[in-house]
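Working notes for the structure below.
Labels A, B, C, D and E are assigned to the chains in the order they are written; within every chain, residues are numbered from 1.
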């Protein structure tokens, strides 16, 4: 058992553990932190797989972006200190069972599946060729998705602005509350 | 380092995926639900990268897919959070069980 | 190469252009909503008309983008639908603060759908799918101060995120087992190994979520009820249609080697969808919710048509969707008019509707009859061809059950007709003044409902260009 | 003559009505249209006879065959034989009568007449179409107007009845649809004539015949799917009841004959025992059920169940005579029951009750209406000189030709119903028309107006004409039944 | 081929009258309608006499045999190539005989009604109905096709229904008319089925052809029919019995006679026409029509014989107890028809054995005259007294001499006192009966005596008994138009007995030599005279004797007066069995089970949709769980189960 293998298992143990904590932690702020750690662990996994570029993106976008966003929203919506309401035990159990079953099911499928073995050709993606390929219009060029995503981001941005913008009218039209029940 | 078989990486990602799913099923706080979804997406990313690296290294499809997933996840998270904030304004709560006016 | 580029991408480029135009309008000097709406509608109309010209088939960026007369027809149907919707939601938008943003969001999703429809590649497909969902979730929240609206948006975004996660999980395994993301290359690599089957089911679930097929439909009703009617109709017509288009081509081409499998899957899904949709529609009182379930049932019928898996199948699905656009939008149009003026959205509010609004009543009735599939409305032909296509495999059990479910559906459609014409009501909806734009839209819908069926040229044209294999 | 006119004319009438306003305009347009249609049908009859006399022995005349949906091999194929012409004439006269009867319709008159005409258009289209798709198309067109007519202008528990009727009929057409699918995928064609030339394999027939037959049977008030009939007829406004019983129940019988039996003769033979069983039950059971009714409309509705049983019996017996009789019975019952409903409507519009117990002695105050009522009654109990006799006797003779003992028994039982018929008709007539005047208020009532007299006259003429000169209509429908029998006969030899 | 086509006019004229009066009578013709009807009928009558003369004395007979002549015939409704309803006119002895009787009696009644129905509000309608009836009756007797017979049979029934219910605002009249129609209808059912059987085996509906085929013992039809059987009885017997049931219904044979007494609710002239002379003998006529076929089947004839005899006796007994004069007459009619029936029953085809047939027809002939006379007389009386009850009458002989005389003659005739008409016919019948069946002969004799008895009971209680003339104030004896028919018919009642009947009407058309031998003519006359004596002794003047007799008879008398509870029996069948035990349950089943099932389906659907609404819980997490569940479900199905 080589060193890299040991490293791999450590990383996976770490990210899974933190992941579990992230979805079970009582306090929401802690949960966010655990999530962050778990994401970092994933980045580490990418490093281990020698896809540094992805690892970098992971760090930048997730750790630097999303988690921060989440934390901000936590601050916006509630005081982070207080414990979150516990989910009903029955629900927990049921969810656990369902999830375990699903996981087992998937794993057996994966286990039983024969994967194509590659011809051992080296896998060395450098940031450079990723960049060129990203912007090339030729075979294996990803310019179109790139543009599309940009449009999507634009739209998402506009949407967020409209929705989340603090607007002068804050009184909630209450009639619906009665009318629904 | 090929003595770590692909299988194991897939197991890890699967586990992560279902951890996320568990979170989604049980967490009542919308933001934490969002976190769980992020976890699931990440596990998918791991899959793609692993596949690309282990099985089909001659092309970079998996890598690019990962990149785009991450981007989209960001957009999704942004919109989701915006919606959650708006919902918080109207409901004074982000507990998913408080937002069940419409049913049956 | 370049002119080719422009012609093939024509529709996408147009939409993008409109988006940016609207952005500039936003940045430019303050305008009244009326003028903005006028501009927007004219632009959309032009966009729709332009869809009939310079039709060419070809692919771009290797496998990323492909188009054909058939595909551009599908896109143009969506163009038509979005134009009609924007005309109908005139009353609602007139007083809204963020008209332009609304249009931008909608158009972005439309763009996403276009890319999704002409995607030759799972990546593009995924991007298109997300692009047609995320902004829509935002748009669903556009009744900014309605609790229901934000609840609907929340439900939409969370469940769609969940479903896309599952979809991606599936796609990742498909990638892992086949080594390619190109749809055209998939059949060669798909062996039907258990993992692939699982992955495929995950993908199907992603589609089913979008078209709201049972049991992946549960978000539908709530979102439809809460979202602004414009968004609801957009969801129930446009996004559904787009995904169905893709579903057909993906099933027929990318997964043709699994056809035996997905035929059975569709068999189960379609029956479940029709039955559950009907059973829930029976007891709805909120009109939007009712239409949600009825549209679920309709999807069930469409799935039957898809399961026919032939040129007739494709044609009948597209044909039915065209009819469905007209019928559903006519219904939504009337409802949106009523709710924009009076805020009433309950079926019980429509009692004795005929006394005050005969015109709207007839339009609504015709629309409902078309949805129910009563001749001479187009809905009859649509359903007929769907079932013909479905029966091609000789699965008469499916056809029989579907036909009997049509009876149940008759019950709830007729229930509304009964409310409109027969039930007494001392406080009926007051007489509603119909602005010109919604009026035009409604008339177009009604004409569509009547003509599309009887005039066989429509079906024959669709049939002639729809790809067989 | 291009038969499409038969559809186009009503269509235009309906459209014009939409642009009229005021009762006077509307009703006059409707009347004009329907009378024109009646004349047209008469002219069609004339042309038809001429063709036949010139020795044109083609099974169908005046055929037009346009491709409609090329992709699914759907044609708009129309043509007529004697049977369809008889049906068309029936429809036309009932429509005219119905419009005359509802001359004073005040409430939403435009919509009312529009729907009436639309309904009739469905019937015309149904009777002339030689393509199962168009047949089905028109069959369903004829359903929804009924729903609206009953639900909006009806009386009593109209919504319930309307809903029930619409749903049961739709269920019927759903079954028919499945049958059509089966036929289509066996033969790849919707064309009646074409399919009749191809032999559908027996097992397929055995599987799909019940769908088609029961489907149409629901329209024809086949036991036990007849329950829409009483409620529907009772709640419907007069004209609508006339149309329902006079026309739309005939759609069912015609369909059973022209589609189910004609295209799947082997299965028809295999299932004839069942058909006959149900028909016999319907006849007897309907008659006894009628005996217990107290509402004139219910009486007539249940008697319709019993009388339509004869249609199915005739079809089930599968002899040329019996099928002839079935067609005759359709026509006769159409006219007779329409007349009956017309009379009931006239009485109801004056006395505002349909309860036999509350009526009485009307013959004194409204002799014309009462006479019409009695005539309808006598016709329905099969009095010679009226159409009912001819039809029923033909059915009996034909059924008797079927030598199987059980079938004989069925025939005898059905014959027995004529006694019960006499009982309930005489009870109804004896109590409501004859006897002392129950309610002195009735003494002020007036007799029929010109329009009502016209309506009654048209129908009575038809009834009596068939009654005293059946050889005319017989020679009209004869070739049609022969052509159908060719297929059925083939099946006999094949068994 | 002699030309009889003008006979067509005999039925057509009344038809024309009916249409005319029916459509325009109420408005335009009004009071003239009576004259109109009578005139048109006069023409028919003359024509029928001409026809009779031509047939019997000019060209009817070909080398000693009266031919069956089909005057004209055309196809009316074709069932199958050889089975069709043809409208035709058949000329043979019995049809010509009936032609004369019907048209003549009908004419008399028309004339009588001119006075009797004067001032009725629906005068025109009355005559329209009369003409309709005459038309149908004439059509019936001229029919050459058995189905044609059935058609006119029905028409006769309905016109009798209309005439009985003429006073439609009298509930009893309505009830009576309904009863008459339904009972006869029930019998017609038998007739119809009989026709179906005959038509099927005979392969034709034409009477001539039918007889020809079914009387030839070696013809395939006959063999098929006599061998084919159902419930151990041959098809032929079935057919004939069923046909006879039809006849029994119309001719009020036991047990289908119950409608006849009630039918007296109609105007009296109507009773005279329909329920004395014409319609009620239709049954006899029918059997006579098919007699050659009947004669091939002993069983059927036996049934005819016993039914007839029993009815004759029963009716005579009941007649002795009734107090409503018209009912008495009704029962006597029934009893006389019973005579005709069993006379047919005892007959054979051809030659001497055909005596019964001849006698039956002869009695039919004579009976028509004196019975209609009796009814018209009764009518005249009722017209004066305004009551049917004997107790309201008595001592009318002074106030209405002509009626009295006519009535007396009729009584003598029916009692069979020579030289009145009844004597001859009865005597023949008795002879025929004696030759075949002694028991029947005894019954016949006894009945004859009874007849004489109750007729004179009737006679005395109308015209004698109390001397008081409290009716003198009433308007005399009625108009001239009422007297003339009485006189004419009285003359006939005396005279028609001398018609050389046996040489004209016989079973095979060959003249039959009948010789009067006292052995057969004395006993009935003596018995009749004794009976009359008793009647005179008991009823001529008011005394308690009749009361003593009834007391002596006790229960039997009560039973007879109550018509042996037949009506009650039928009432029980219909009211206690058919309606509550068949009708009600079916109506209930229809409402609750058949219809209920349809509603149940709807309700179940609704219930289910209510049941599963919980899935739409509004909680997005549950949605996700179901979503995942769906995936797992599909996966499990399609990976492990659905290979």
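Points worth noting:
One rule holds for everything that comes next: a contact is a pair of C-beta atoms (placed from the backbone, for glycine too) under 8 Å apart; a residue touches a chain by one contact, two chains touch by 3 or more.
Remember, predicted model here, so these are calculated numbers, not experimental data.
Note on connectivity: the fewest steps through touching chains from chain C to chain E is 1.
Common neighbours of chain B and chain E (chains touching each): A, C.
The chain with its Cα centre farthest from the Cα centre of chain E is A.
Comparing chain pairs D-E and A-E, the larger number of C-beta contacts belongs to D-E.
Among the chains in view, D has its Cα centre nearest the centre of the complete protein Cα set. Computed from the mean C-alpha positions, the centre of chain A lies at a distance of 30 Å from the centre of chain C. One finds 65 Å separating the Cα centroids of chain B and chain D.
Inter-chain centre distance (chain A to chain B, centres taken as mean C-alpha positions): 4 Å. Annotation for chain A: residues touching 2 or more other chains are 91, 95, 98, 102, 105-106, 109-110, 115-116, 140, 142, 145, 149, 152, 156, 159-160, 163, 172, 176-177, 180. For chain E, the set of residues that touch two or more other chains comprises 602, 613, 616, 618, 620-621, 624-625, 628-629, 635, 639. The residues of chain C that reach two or more other chains are 123, 127, 130, 134-135, 137-138, 141, 144-148, 153-155, 158, 162, 176, 179, 194, 198, 221-222, 411, listed in rising order. Chain pairs that touch, as defined above: A-B, A-C, A-E, B-C, B-E, C-D, C-E, D-E. Across the interface of their complex, chain A is touched by residues 621, 625, 628-629, 632, 635-636, 639 of chain E.
Those residues of chain A that touch chain E in the shared complex are 91, 94-95, 98, 101-102, 105, 109. For chain E in complex with chain C, the residues that touch the partner chain are 602, 605-606, 608-610, 612-613, 615-616, 618, 620, 622-624, 626-631, 633-635, 637-639, 642. Partner chain B is touched in their complex by these residues of chain C: 123, 126-127, 130, 134-135, 137-138, 141, 144-148, 150-155, 157-158, 161-162, 164-165, 168-169, 171-173, 175-176, 179-181, 221-222, 225-226, 289. Considering their complex, residues 154-155, 158-159, 162-163, 166, 194, 197-198, 201-202, 204-205, 209, 214-216, 218-219, 221-222, 261, 264-265, 268, 276, 279-280, 282-283, 408, 411 of chain C touch chain E.
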